[in-house]
């Protein structure tokens, strides 16, 4: 159970600002399905508008990285942050964007390797090589 | 400073198992540079062999994901885990594999979005939509 | 399911040290309800006494921060640590201490901003400005 | 060292979009000092505008939570995420907004308690009490 | 629900590489029970072989640390990473290896102390004493 | 640099409550060295007393786990939490309590395995086996 109310479509229809965002989500994604994250954010119209606006700009607009790569990066962060909902929703999004089983298998292998070497590096407190400092 | 000794090339030369791994790292990467992570792992030859063996299989061998995508996934996990060394080393690796400034900018935007929505989802304890459960 | 037994009131009644802590929790909170965290800690009377003693001193005793602010800090840490139980229990506590929907909305916005900028800062490894170093 | 270039004021002056954000940061904060986070974000004007726009809306605009409380929430998240830069910058901001030593001492105590009980709850996998589920 | 299919014994029987790993898990643990982690990894035979091979070498082979100590370290990491499944499976493994209630109580106390002092240290950004730098 | 002042011995001598804790730390550890963590906590005498009191009870008093095992658990949590200071101080403590290179090597291997499998389990959202639920 969430700590906030999840807005039904009927409730959304009663708030013009929220309805406008939901309309844009549906139009942008070409799907009638609006997942619980947005129904939870609907409790704060300003937060809903800001979050959807940024997500649309970052994840939907065409850019230098393809959509599937962006989803893999999203799942990677969500995994390390232990966000179960986010792992589920973005893994589903990655599949919808064409992720194959072979790609997912390699993704998991990289995430596992990173989890292992992150732990080893932190436990040994390895100092950064000067060669890596280019900033 | 690390919690373990970082092996110099001279020390590596005195241990055949460690030397063999360092030789393979140099040959595989076509570079004489061996970074501190491996010099720290050199204190335990079995761990060094196991870690390099797995990394080579996961990150170097050709597969369904291109090498740059794998590096981006690696940086994403390392960022969420707060591993400074890992962020530095894999960002350098991504640049070496051709990451452009535009790609890096989008990568950062996705990582930032994921950090934000992970926090919002966890704070609101949003329940997973049944539509995402395909396992 | 927990990894330890959750003590019922009947079981608590059979252990004088545990019963004394439960009595103090009920008296301090002016409520008969004792939540599962304390029923789990009851398996180790010393740990139960130490944890309740510290929590009472930190969260209940009057001080320089008001009780609601302390709960918001608690939820913030629990969110970043991904502790679902802690998010639920302290969000309920914040509401019981008068948190309004507007306050909660702003709290969520700050937690989201922090999640985003933490990720960006760590990914870019931004060095601390000398102006911030006052210690 | 950061993974990106930190823009100097001279470099900022050469990019109208970046300069406009820096001008607004200075005007909003009534200070000439612009910290490294913004100098790092300057590498991507869209990300700079989006992040400052959201931060201004969330942290600066008057609302239901006072500015100091927002900073304490920010430090709490940054601590749990292990973001050293963020801890430093927002602790400095909290002091600038009037945080007393007594308030900071209590803040630290709450953060420590949360760190402890988060760990205990997760290790024992305590199930959420039905009384907390109000969503 | 998992993001991947959990292989049944019948499905395992249809893949010789997967079957070989499952046989070795059962023989090594002297138990017919194979837990869900391996049934999930079965979707990628190379990952399954690599992970079981490493786990067997690290956790099962006799060494300088006794098996129960290794399990306690494993639960400690899993707790801090917020991995519910891992906490459950390794706490069960620790009990199977003889962990007493008194040992578990002390383990929880240490994990709680570490959670608290980690948070305090990070919030105060305590600099490392030169005395600790021996690497 | 820390966010708080690190108390020198001269400053400690001017505060009876702080001095009493420092005396007990020195007597308990049979060493004149008091590390920075306590010098930072000295800014809040109540927090200093409470933290040292709990740490002494948990880490120093004889119990069901030997002192080295407790230190290994402490480093494991500190590693996963990314607390550099804590990793350094408790690794030094573990060595002082007799940790051999072989034990440390195995510890690192377990921490690395846990980091890897935690990531894999979270990414795949593996459901807990009913066999593990004994609470």
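Should a chain be cited, it is by its letter among A, B, C, D, E and F, assigned in written order, with residues numbered from 1 in that chain.
The criterion applied here is as follows: a residue touches a chain if its C-beta (ideal position, glycine included) is under 8 Å from a C-beta of that chain, and two chains touch if they have at least 3 such contacts.
Just so it is clear, the model here is predicted, and its values are computed rather than measured.
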item: Relative to subunit B, chain with the most remote C-alpha centre; value: C
item: Homomeric contact subunit B-subunit D: same or different residue positions, threshold half; value: different
item: Far-end chain from subunit E, centres as C-alpha averages; value: D
item: Distance between chain centroids, defined by C-alpha means - subunit A, subunit E (Å); value: 27
item: Whole-Å gap between the CA centroids of subunit C and subunit F; value: 21
item: Gap in Å, rounded to a whole number, between the CA centres of subunit F and subunit A; value: 34
item: Per-residue multi-chain contacts in subunit D, two or more chains; value: 1-4, 6, 51, 54, 77, 79-84, 87-88, 91, 105, 107-109, 111-120, 122-125, 133-135
item: Contact set on subunit C toward subunit A in their complex; value: 82, 87-88, 91, 101, 104-105, 108-109, 112, 119, 125
item: Interface residues, subunit A side, partner subunit F - complex; value: 75, 79-80, 82, 84, 87-88, 107-108, 111-120, 122-125
item: Touching residues (chain side subunit D, partner subunit A) in the complex; value: 1-6, 46, 50, 54, 57, 133-135
item: Touching residues (chain side subunit E, partner subunit F) in the complex; value: 1-4, 6, 33, 35-37, 40-41, 51, 54-55, 58-59, 63-65, 69-70, 72-74, 76-81, 83-86, 88-89, 91-92, 95, 100, 102-103, 105-107, 109-118, 120-129, 131-134
item: Subunit E contact footprint on subunit C (complex, rising order); value: 3-4, 43-44, 46-47, 51, 77, 81-83, 135
